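After this come two complexes, each holding subunit A, first together with subunit B and then together with subunit C.
Let's look at the complex of A and B:
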């Protein structure tokens, strides 16, 4: 069995780790990293009005089929947004293109841990539950390390003296983590790279703006889809923070939600006065995050796929919450040029800087 | 020698060059069609400037803006490179200090800038649609076989606008053709088109932002009296077209250059008027480093690469001269 799957941020790292831990089962076919080719393939075979997550994941699946995958693992399920139907729709498109494969669905709306483990059981050719659980755990620990380092990089980027150093080290770190074969090795890699990141010379006078990134999870997690918005903000001297990390999502969806811990409860409660129910995707969360965003932040960048219904709803509601908090919405789409995005980011950063300067001045006056 | 500050706004359709004196008064301005060749247009504009001012000026600061701001910055040796939104806001505030809303419609994009107490607090830009921008109006004028100036005056003659679908240029154009084939007079169609463009702007660019007076309307499209009338009717407030509205972006960035030079107290990086004669060469190639196949554009002078753009990674960002510097 040769198993392929679509990309979603760094999800390929735990996938590879699990496949290696359960060696002897299926062969894992990792799709080539998202590229212009994956996007062009996706755009060519997808209906035009669908969102960029559909087009990119379709491109990934075409590429894994070309590499000989006979089994595809895909996520879907009721009650999310159109995404729930993507797996089935893409299956039809791939079959129309003449590819032959079996599709294994991973249900996103319920029993995620059990579903995921059964999927792994099928793919591994019937490994024991204990081995599966241990492999899954190792995969998730790797993911956690990737995300920890990314959080560090977000802090360093706007402060480093030589722009691009942290991003370069982070890319090496991701590859090293991907190669790690044991918990001990992983621990050592983490310590090494944390050390290397700490040694990056920082500008002592840096006073970065702080921006919260919110929006649809796929475009938030996939730098190719959002045109490296976090790296670009870092270059402009902005520190970014976000709620959505894949490891965070996995921790709650696989474990904590099952015992009744809901990471989004506070966010939903905050959104209540404006939006009383889920609108699919991450729309409800976007509204709540804006209401909750505290004064520590200078502004927000809201990422949404073009034609995304939940985020479009959220965008229109967000306009009437916390009106003095600047939000820049970026619609991610294959038609969007990077130059246009940079212009908007630069103007947004100018706006935030001027706003901060004025408010600091008035604070100073108030103290006097 | 009179000290001046040079502001250059290279947009998709037009290029604007201005100079300001020490007191920020406009000395020279020119408005040229970019015609797909920003380098030649910038050189042309510079020659015009040096012809007019007879070499009795000294450029003490240079700012560039517009979609070709980085390219222009490399050619001219800019002291400051700023995005169009900030430049437009600074330019508008210079003439109308109490402005609350700035509407700017250029060749390829339209923006709204919300200003309170002299500070930009919010802005919006057209996202995935260029309906209602200058190039579309240009195209429609061309299709009706009239000059864009005639478009403006003809639409004013109508008192009975035809309703045109304005959400998208494709729909707008087919709707216009439909109305034209039904026999509606051209003037009424033009008037209707202006109204449709304004509705589209307020819905898609304005996005529910609070449009408070004073409202300023600038950019090339502000020449169009038909659009101006439609804005006044739709908003129900007076809409001011400031002096030199077609070059506000360039004025704004010249003001920023002046400010920058006062802060740094350094010398301008201006490359001199000779650049208008230099033989710049622009080219592009596809990088085969990975499957992204980025299109890299580069500009070189006498065989030496000055700058490169367009890569997703930083492989091509460093230029030959920078590499040499690090070698030393």
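Let's look at the complex of A and C:
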């Protein structure tokens, strides 16, 4: 059995780890990393009105099928957003293209841990539950390390003296983590790269703006879809933070949500005056985060795929909240160009800097 | 007491229900004239550009009504069937209205969500009614009567093969309601099914009077409202294996029914940027290709112009004629 799956951020790292731990079962086919080719394949075969997550994942699946995958794992199930129907539609499109495969659905709506484990059991040809759980744990630990390093890099990027050093080290780290074969090795790699990141010379006078990244989880997590917006903001001297990390999502939806811990409770409560219900996807969270981040942050970058339903609702509501935090909405689709996005980011950062200068001046005056 | 019910989105499905309910509770129900350019401009100027046309039209109607009523009734239809949800824009409609139309009078909300149980819905209806009366029996009676009228309305459309506007015209005697474009003669024996949401098909501005245009060409037009509930359901199952969206049957169910019936062609109407339809239209198209039935997809937005639409309709009708002659 050759198992393929679509990309979603760094999800390929735990997938590879699990496949290696359970060697002897299925062969895992990792799709080539997102490229112009995967996007244009997706655009060619997808209905035009669909969002970029659909088009990119379809591109991934086509590439995986070309590499000979006979089984595809995809997220599906009834949700509130269109996403729940994507696996089904993509299956039809791929069958129309003449590929022959078996589709395994990963239900996003409920019982995620159990579903994920039984999926792995099928794909691994009936490994024992204990081995599956251990492999899944190893995969998630790897993911956690990747995200920890990413958080560090977000802090370093705007402050480093030579732009691009941290990003370079982070990329090497991701590859090293991907290769790691045991918990001990992983620990050593983490310590090693944390050390290297700490040694990057920083600018002592740096005074970076603080910007929150919010929006639809796929485009936030997938650098190809958002055109490396975090790296570009870092280059402009902006520290970014975000709520959505894949390891965070996995931690809560596999384990903590089952025992009644909801990571978003605070955010939902903050959104209440403006939006009282879940509207699917991450729309509710976007509105809530705008309210929550008002005092601490200088601005927000809101990422959404073009035609995304929940985020369109969020955009309409966010425009008129009492919290007057500047928000730059970047719509991601296949027509987007990097130069245009950078110009918009530069203008946004200029505005934020001016706003901060003015408010600091008035604070100073008030003190005198 | 005047309760406003904007004449867009849910109007075509629930106006008789809502009118009966509020009038029995002693309120006057105010609605809007047909969509016009001013409303669309007003609505779109208040909203983010990516929002779909029907929602912009809805906000246009709301703005128009704002100074003409004491309360605005904006229900949030979340889930009318277990495990089947609605588009985000319907879920967040009351909140979005409050954010987009600041001058809007207090909004009467009703959460329709059967997943939370019937009790929750009944409490919601009572809470809605209690804004107008303190007598719970009066609310109960009004709700029951409204429900009866709603069923009657749905049955009429189905039995008479008429559009919502025509049936509303009959039911309420045409006073204060929208004018109905009546074409008496059906010259040719051709029939075309129009599938899509009622707020697209029957809004003359949004759909560019597509029903009237087809009728003037001498074609009998069939719409989703003329199909029985059972057939809509079996149509949905045939095309998609089961319902995914609350109002998916307007497109999928009706598509599944009409593509297998003896109509000569099917035209699917959707709004640009519509989330559910962009997915479902492709599903229906795939089904039409499999059945080798003439199918055309029309996408409408603010910029839809007559000329382009007419050309496409004429071409489609010509194609059907030729298909029949062979």
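Heads up, the rule we're going with is that the second predicted complex is superposed on the first by the 364 of 368 C-alpha atoms of A that agree within 3 Å, B and C clash if a C-alpha of one lies under 4 Å from a C-alpha of the other, contacts with A are read in each partner's own complex, and residues count from 1 in each chain.
Definition applied: contacts are C-beta pairs under 8 Å (C-beta built on N, C-alpha and C of every residue); 3 or more make two chains touch, one makes a residue touch a chain.
Since this is a predicted model, take the numbers as computed values, not measurements.
By the touch criterion defined above, A:346 reaches subunit B but does not reach subunit C. Looking at the superposition, the partner that touches the larger set of subunit A residues, subunit B or subunit C, turns out to be C.
When both complexes are overlaid on chain A, the residue A:32 reaches subunit B alone and has no touch with subunit C.
When the two complexes are overlaid on their common chain A, residue A:306 makes contact with subunit B and with subunit C alike. When the two complexes are overlaid on their common chain A, residue A:316 makes contact with subunit B and with subunit C alike. Legend: residue contacts after superposition of the two complexes on their common chain; A:281 is shown touching subunit C, with no touch to subunit B. When both complexes are overlaid on chain A, the residue A:331 reaches subunit B and subunit C alike. Subunit A uses residues 306, 316, 319-320, 331 to touch subunit B in one structure and subunit C in the other.
Across the complex, subunit A is touched by residues 47-48, 50-52, 76, 78, 83-85, 87-89, 91-92, 94-96, 98-100, 102, 111, 241, 244, 272-279, 281-283, 286, 299 of subunit C. Touching subunit C in their complex are the following residues of subunit A: 47-50, 78-82, 84-85, 88-89, 92, 96, 274-281, 283, 306-310, 312-313, 315-317, 319-321, 329, 331.
Across the interface of their complex, subunit A is touched by residues 67, 82-86, 109, 117, 119-123, 125, 127-128, 207-209, 290-294, 312, 314 of subunit B. Listed in rising order, the residues of subunit A touching subunit B in the complex are 32-33, 35-38, 164, 228, 306, 316, 319-320, 324, 326, 331, 333, 335-336, 339-340, 343-344, 346-348, 350-351, 354-355, 358.
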